[in-house]
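The next block holds one structure in the form of structure tokens; read it before the comments.
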Amino acid sequence: MSSVRVQTEDFDVSAEMLTLRKRNPKIGAVASFVGVVRDLNDGDSVSTLTLEHYPGMTEKSLEAIVQQAKERWDIYDALIVHRVGTMRPLDQIVLVIVTSAHRGESFQACEFLMDYLKTRAPFWKKEVTPEGERWVDARSSDDVAAKRWEQAK
Amino acid sequence: MSSVRVQTEDFDVSAEMLTLRKRNPKIGAVASFVGVVRDLNDGDSVSTLTLEHYPGMTEKSLEAIVQQAKERWDIYDALIVHRVGTMRPLDQIVLVIVTSAHRGESFQACEFLMDYLKTRAPFWKKEVTPEGERWVDARSSDDVAAKRWEQAK
Amino acid sequence: MRIKVLFFAKLREVFGVGSEDLDISSDECRVSSVLAQLRDRGDVWANELGDDKSYRVAINQEMTSEDLLLKEGDEVALFPPVTGG
Amino acid sequence: MRIKVLFFAKLREVFGVGSEDLDISSDECRVSSVLAQLRDRGDVWANELGDDKSYRVAINQEMTSEDLLLKEGDEVALFPPVTGG
């Protein structure tokens, strides 16, 4: 089973965790992250958010990121589910789950996966606000977050 | 609604997340951790694990830890659910969920809550192995993990 | 003066009791006085609460490593290092 | 020599096209040659791919900041900094 999925449908965190966990009774730690559509961005209210991606490259880049996490930390498994298409405030956008024997590795790998996904996976957000449609700008804080992992370790 | 719960029943991660999230459309990040019973500990197979606690002090200490996290990071909410009683391998033991606008705060606060919970909340684990019953020893690595937060910031 | 003493986990098992009311004769009672009085029972009490053993103390449901002064009705709990999560 | 060029997000919208086959006349074609050829179209092309603009390049679905040599059939994608997650 692939550890990355790009889909328009919503996901269920409990179900995804169970699928990952069932495979391995040695798992003691499950760290996860869910990204959610906010009703406010850069001071404007957001009515819808549309995610575009680069089919083919998206899956490849996510798989490469998972592979890096597995090489770097003593983890059992990692899953990335990223939605594309149009979403509304409170909708779930992205899910990352990492399993390991002890908690430190899961926490670190989960944050690493999010930081790398944010700067390396070809997704783009367009939001609709009262001012009209606009493409979301990349944040320099995301570059800073991703760079941490190059220095550390 | 209290942000900490001690219970014998299992919990559903998705349902707990939804309850936390519903309250606030400004949430963009949901970090979580689930601790799971492993079938192996210190080299011996584990058939059951029993959690004892100190009613009253448990809730107080968990609430104090959540309060500390809220003072320290810009987060919206935090939830701790900890099970007591007898569990088996693959069972969920503990759940921590943190919500915030951006992901860095959620990740940090979630790991902090687990590290502090591990060293400050009055729970004790007893496991049944082929060698018989035994109380689980505290790990010095947990003390080290908790100490990090005193230096950092 | 009377205080309440609670024992948890391994201490509860070894002592065979989870909770007891303890009468303290001295006027000024500190955590160390309670521990001394319990150790005086000898056997498992002296052993488990010995200086070489690591156990934790909570007063009125708050962990402390200080030798605080106790008052009538205080709840003193003795237990091993915690292992939850 | 023919390569495939893809545009995403804002670039796709502004150029009004998501993908096109591009014939390159020169024998040695690098990323910079493709960019130069696109900029020569003027207007939004010259503007969006100007030196002052920040956009990313992926060759055969891998991001790169190097001016690599391209070969027949390569897939070159141009897009703004990513904003997923």
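By written order: A, B, C and D. Residues from 1 in each chain.
Definition applied: a residue touches a chain if its C-beta (ideal position, glycine included) is under 8 Å from a C-beta of that chain, and two chains touch if they have at least 3 such contacts.
Being a predicted model, the structure only gives us computed values, none of them experimental.
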Between chain A and chain C, the fewest steps along chains that touch one another | 2
Without chain A present, chains still joined through touching come out as B, C | D
Per Cα centroids, the chain farthest from chain B = D
Could you tell me the distance, in whole angstrom, between the mean C-alpha positions of chain B and chain C?
-> 26
How far is the middle of chain C from the middle of chain D, if each middle is the mean of its Cα atoms, in Å?
-> 73
Averaged-CA centre spacing for the pair chain D and chain B, given as whole angstrom | 49
When the C-alpha atoms of chain A and chain B are each averaged to a single point, how far apart are the two points in Å?
-> 23
In chain A, what residues contact two or more other chains?
-> 35, 114
Contacts with 2+ other chains: residues of chain D = none
One finds touching chains in the pairs A-B, A-D, B-C
Chain D contacts chain A in the complex at 6, 8-10, 12, 58, 61-63, 77, 79-85
Touching residues (chain side chain A, partner chain D) in the complex = 35, 51-54, 56-57, 60-61, 82, 93-94, 114, 117-126, 135-139
State the interface residues of chain B toward chain A in the complex, per the touch definition above.
-> 12-15, 17, 21-22, 25-40, 89-90, 101-104, 106-107, 110-111, 114, 141, 145
